[in-house]
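Pasting the structures in now, so scroll down.
Two complexes follow with subunit A in common, the first pairing it with subunit B and the second with subunit C.
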Partner chain A sequence: MRKEAIGPSQLFAMIVLFELGTALVVPVGLESGHAVWLSILMALPGGILLYLVFTHLYLQFPDLIISGYARKILGPWIGWTVGLLFLPVLLYNGSRNLREAGDLLISASYDKTPILIIDSIMIIAVMYILSLGIEVFARTAEIFFWIIIVMGLICIFIVIAAGLVELKNLFPIHGNDLWEALGSAYPNIWIFPFGEVVCFTTILPHFSKSRKIKKTGIVAITLSACLLSFTHAIEMGVLGENLYSRTTFPMFTTITLVNVANFIQRLDALVMLTLIIGVFFKMTVYCYAAVAITADLFKVRDSKKLVIPAAVVMLFSSFVSAENYPVHMSEGKVFLENILPIFCAVIPVLLFLIHRVRKKFGLYR
Partner chain B sequence: MSIKGVMRLVSVGVIVLMLSGCWNSRELNDLAIVSGIGIDLVPETNEFKVTFQLVNPSSTATGFGASAGEPSIVIVSASDRTIFGALRQASKRATRQLFFAHTQLVVLGESLARSGINDVFDIFERSHELRLNSAVLVARNNDAASVLKILTAIESLPSLGLVKKTQNTSRVWGENRTIDVFDIINGITGEGDLTINGVSIQGNASEGMKKSNLEQTVSHAGTVMDGLGAFSEGKLIYWMKDSEARGTEWLLNRIEETIINIDSVDKKESIAVNIVYSRTKVKIDIQDGLPVFHVSISEEGIVNETDGFVDLSKREEIVKLEQELQEQTGKDVRQALQMAQQMESDIFNFGNELKRSDPQGWASLDKKWGHIFAQGKLDLHVEAYIRSTGMSLKPYHPAPE
Partner chain C sequence: MDKTTKESGQAAQTVDSAGGKPHNPPISPDLEENITQIKARLGNSPDLIIRTYELINRTARVAAVYMIGITDREMVDHFISHVMSFESLNDDIRLAATTAEVYSYIKDNALSIGKEKLVQDINGLLEALLSGDTIILVDGLGEAVSGSTCGGEVRPVSEASTQVAIRGSKESFTETISTNIALVRKIIKNPDLWTETMKLGDVTHTDITIMYIHGIADEETIKVFKKKLQEIKVDSILESGYIEQIIEDNKYSPFPTLYNTERPDSVAGNLLDGRIAIFVDGTPFVLIAPTTFFMFFHTVEDYYQRYDISTLIRLLRFLCLLISLYGPAIFVAALNFHQEMIPTPLLINLASQREGVPFPAFVEAVMMEVTFEIIREAGVRMPSPIGQTVSIIGGLVLGTAAVQAGIVSPAMVIVVSLTGISSFATPAFNMALSIRMLRFIIMVIAAFMGLYGIAIFTIMLIAHMCSLRSLGVPYMSPLGPFVPENQKDTFLRSPLTFMKIRKRLLNKGNSSTAPGKKTAKRNSYEH
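== the complex of A and B ==
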């Protein structure tokens, strides 16, 4: 079978869509004040460093995914266990994205449609695209990248044109606010959404031009950080700190306020499309990562067979995991603070350090 | 898989997608579109009486449809402890399910406003159908239901008419501004207090409900924008009018256009100056534990009418007019501030401004802000310019001997 290959522009689009995903629509950084946009920019350097760790490991083991080189670095037993631990985390985090999209759709317009139906439709799309292979997915990302950019520009332009943004809500930034912003940047925003790029360790082996890997990723992460920061600055500027912290989906509330000349109004659909597209890419990447790791750990030759089971697990855990949205959010807080950092940052960095040490002292046989 | 199998799968997929798409469907002819909501308090039972102004589709469909006999709107009321409850109670009276996505206006009854509005607006934020940008008015000396019942000439939907009235007078007269639910929620959650436009009924309210009211040149009853209600702790406590209301808008930097009449040598208030541009900057600092409000206003005007004599071709005369303008503006602003300080109600967002620009200073004010605000000092600077005198210089009537 021919190895599937992903080009730089495709990887770029995938990373941007993955980063924007849900982070564009839901509040980021748990409890951030009016300097949330600054927090996002502050978290960017950390995100880039983390990405460099991933790429370094990839360049050392260009054909292996994270569970593969974990076994090389930590030895077969520990490495295998670490790989196994990734599975529930990836599946659960993917299901969280699904849940967020489903909940927005239900609270925004489909109030009488069962969440099962909405979520299944989305997961069927994920199954379909993964059964076609990662290359198809990457090319889809290339197209949707432009769709998201154009939609985002339209939304932002209209919100600004409607005269809703009040810079007062963003400034001034005092010393205290800086510390607060830094506090919400590390570790929260650093991990969500930047740390989540750990999923791409399973995609990188398909990358065709390994020389360009650093540049592509860094530019993609920087661009998505700027877009995120700008969007959240606008949301904060429109809603103010108080309302921003209370709404479940700040971007949605922002858009509902738009009313240009009693003519351009109720653009809610644009926000929902943005979320659905973002969630689709994020979920697919998570699902793919879970499938790839499973295939690697259990030596399944045709990994596409695993897509349906993984997606079904994701679908069910998306609504079994929490009774309602507030519970989902508070679970997310615990998950983001305690579990995700271990898998997004601690394990990769440890792998990196152990690898360096073993290499330096010639401990590889 | 055979082609047949694939086709089967595709058709199953298509059917699933189609079915779910219509899960929430509500057809247009099953909807009663609500254009305005009125909220009153029933004092005996402590319930909300919610009044809905429903669009009557058959009589608003075309321009001439309104002459078909039915009025363009239908009023339905229901009472319950919660607004949402009342909204559903209305199903007993309405033939169709109410649809709120096009609600333009929310009217609050005066008794509700006097007893407190802080807890009324949650549903506007929580519901996806109701909007945060519906305009809000208080029915002055009346209940909200009666205001919604009055038909308006020219506009077929009275709610829309009231919204337009608010916008119109805000734009050219400057004693009101459009205030929507979003502003009110911000006012409640912020540090200060808020103001809401008042609307009152002039004339015979029961005649105003009839369609025949519109079939004559002078209506028996109509709605009039009437003052600016000042709230303290969510309760309406005072109706600001004329220069107080305008001073408030000035302090909030919400003046778009307004008229100031200035005395001439021979006649009182006989020179009309149209203020076409105005900008207010507010800075607040704390001196000796008390706030000082540094307000600087710059305004530009056009002389639109001179009933008394003034020689506008002379520079000194114009400078005199400008000074007069500054004084008049200052008077409005001082009156508004004085009134607000008397009520200990910071309707000018000064508290928010102080908290924003100087959080430490804000934290050092330990007592209640309303009380401290009342002792604040005003440091006012007004710059007024007259940019044009219209199509003529000297008026045609001669100077008084």
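== the complex of A and C ==
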């Protein structure tokens, strides 16, 4: 069978959609103050450096996914174990996205629909698209990239046109705020959403033009950082620091305040669509990563067989992991601070360093 | 059975189509036996005409065989009289001529008319006969001359009825394949316009011609396509729709993956983009491959009008696509799940309209949509004078009466009729049909899951469309995969002077539309 191939513009669209995903809708950086937009930009260089680590490893092992080269670098036993450890993290993080989308939908307008139904519909779509293959997924991402951009522009334009943005909520920024911003940028924003790009280590082997890999990814990450920063600046400008940190979905709250000429009001649908599309793509990437690593670890020839089990695990863990949304959020905090950095940053950087060392001293046989 | 008659023009048929057993005797030297054989094979059909002559002092017996109705009467008479005229010979030779010599005169005479060919066996003879040829059989010779006298009643070239254009050529294809090919040749006067002919259908022996511009169309695509056509094994090809359904890559898709048109200028334009056209004898609808989704929303007229107007009209068509797909679904979703999204005064207005309506919004919408589909279907099949009556009864009486009787709300009538009219704005009828079907599915989903269901279904729908391919070309190109240079002619229609580079994905090399300015861009099929 022909190897599925992804072009630069498709990878670009996938990374942007993945980065924006939930980060656009939920508050990022946990305890960042009104300088959240600055924290996002501060986290950008770290995100790019991390991406360069991934691409370096990819260029060294162009046909292998992360669990594959972990075995090469750390030896079969340790490498295999490290690969296995990725699985629960990927599945859990994917299920967190699903949970967030489900809760937003329920709080927005599906208060009578069971969360199982809402989540399983999303999961069915994930299964369907993954059964069509990563190439189809990439092409779909390309189309939705434009849809998200258009919807985002409409939202931003209308929020600004409604005269809701108050710059006094964003400025002034004192020296103290800068340190605070830096504190929330590293490690929190650095890991979520930028560190999560670790999932793409399983997609990169499908990339067709390895010469363009660095440029494509860096531009995509920079663009998404700018979009995120801008969106969160607007959210902060509309809501103010107090409201921003208290609402579950700042973007949703922002858009409900819009009222232009008593006619354009309640654009919640656009936010819901943004969230659905973002969550969908993020979850699909997580699910794909989990499937690819499983297939690699257990030598499953036809990885599409694993899509259904992985998706079902994701579905159930999304609502058994926490009994309600506040618990979910506090778990998320623990997860984001303690577990995610290990997998998104520590392990890849260690792999990178060990690989450099082994290569330099000729320790590869 | 051998289906290809490409080079020789003579089918070497070895298997009898009806019985499947070898039954192809050579033409016997005995004239009577041949005539009996032909009559028997054609079941003594009354439209078979056999005229026998005794030439030159009754030394040579000759028979002319043709089918009435599919031949041109005048041409037959002319052919026969021309073939059998021996005035140019002097009497001595004429009187002394042997059968073989008579036959060679006949052959020479036929040659001077042109389009003659020799047949050696009965099956070849029958095939020529049924294609409208006149056959000359000579007693004592195991060979026959056939001359093309093809004719009969044909519909003249008339105005296009399904793809009407305000501006542009008024010609449309007819049912005769040779006329259709000629119509395209008249537009593209270029030696690189190549055609290849084959016969398909074990019973119907339908002529199929594929046409492409050598050097612009991708060789690989043509090869794949020809292979696909040759693999077709069916009894009959009655319309190009048969071929369309057989060679489609994905049979379980609601979307058509081949485009059809009855306009020669549309075919010419697509050929110039590097596509392949498939002509089928007996239908004015020519297939075009490879097809992308956006082709169904373009018309040739877009290129004839000025670019700004064409761009706006194109955008309008895409808006109509969205309305006809999502119109009733969004209305139902908003009423059932998302009342808060409707501005309050409008919501109160809608609620008061729906006050006396005894059905949920979904039932109301389905009822109206089904009624609309019934009226439309009845209107299509009716003779045109009655068709108008149907539309008046349907539109005015049903619509107004249903509202006044309190069965549906006026807002629903507006939504349904807007949807209906929007679906007519899709230039391609087969795409409009697919959209009609999907509209009902989306409506059901909207009734159960609201906007969330619509969004998820849309993601799945677009993913499905991205997975489709038409002859190897991704269906959603140039959007997914994204091809920047083709964006000038997808949603927009940029000025003609900007479109110097021929669309990618369809042709390798030779990508400049301006002669002498070749920007050989490599084509990539994957992304």
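In the analysis below, the second predicted complex is superposed on the first by the 365 of 365 C-alpha atoms of A that agree within 3 Å, B and C clash if a C-alpha of one lies under 4 Å from a C-alpha of the other, contacts with A are read in each partner's own complex, and residues count from 1 in each chain.
Here, a contact is a pair of C-beta atoms (placed from the backbone, for glycine too) under 8 Å apart; a residue touches a chain by one contact, two chains touch by 3 or more.
Here the structure is a predicted model, which is why all the values come from computation and not from measurement.
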May I ask you to decide whether A:266 touches subunit B, subunit C, both, or neither, giving the answer as first, second, both or neither? both
Just to be sure I read the superposition right, which of the two partners does A:172 touch: subunit B = first, subunit C = second, or both, or neither? first
Determine, under the contact definition given at the top, whether A:327 touches first (subunit B), second (subunit C), both, or neither. neither
If you stack the two complexes on chain A, which partner ends up touching A:150: first (subunit B), second (subunit C), both, or neither? neither
Considering only touches as defined above, state whether A:118 meets subunit B (first), subunit C (second), both or neither. both
Subunit B versus subunit C, judged by how many residues of subunit A each one touches: C
Taking the superposition as given, does A:78 touch the first partner, subunit B, the second, subunit C, both, or neither? neither
By the touch definition at the top of the document, which applies to A:110: first (subunit B), second (subunit C), both, or neither? both
According to the stated criteria, A:253 is in contact with first (subunit B), second (subunit C), both, or neither; which is it? first
Which residues of subunit A are in contact with subunit B in one complex and with subunit C in the other? 109-110, 113, 117-118, 121, 124, 266, 268
Would you mind writing out the residues of subunit A in touch with subunit B in their complex? 107-113, 117-118, 121, 124, 168, 172, 174, 176, 240, 242-243, 246-247, 253, 256-257, 259, 266, 268
In the complex, subunit A touches subunit C at residues 5-7, 9-10, 13, 105, 109-110, 113, 117-118, 121-122, 124-125, 128-129, 132-133, 135-144, 146, 208, 262-263, 265-266, 268-269, 272-273, 276-277, 280
Residue positions on subunit C within touch of subunit A in the complex are 337-338, 340-343, 449-453, 455-456, 459-460, 462-464, 466-467, 474, 476, 479-482, 524, 526-527
Touching residues of subunit B toward subunit A in the complex: what are they? 13, 16-17, 20, 23-24, 101, 125, 128, 131-133, 182, 185-186, 189-190, 356-357, 359
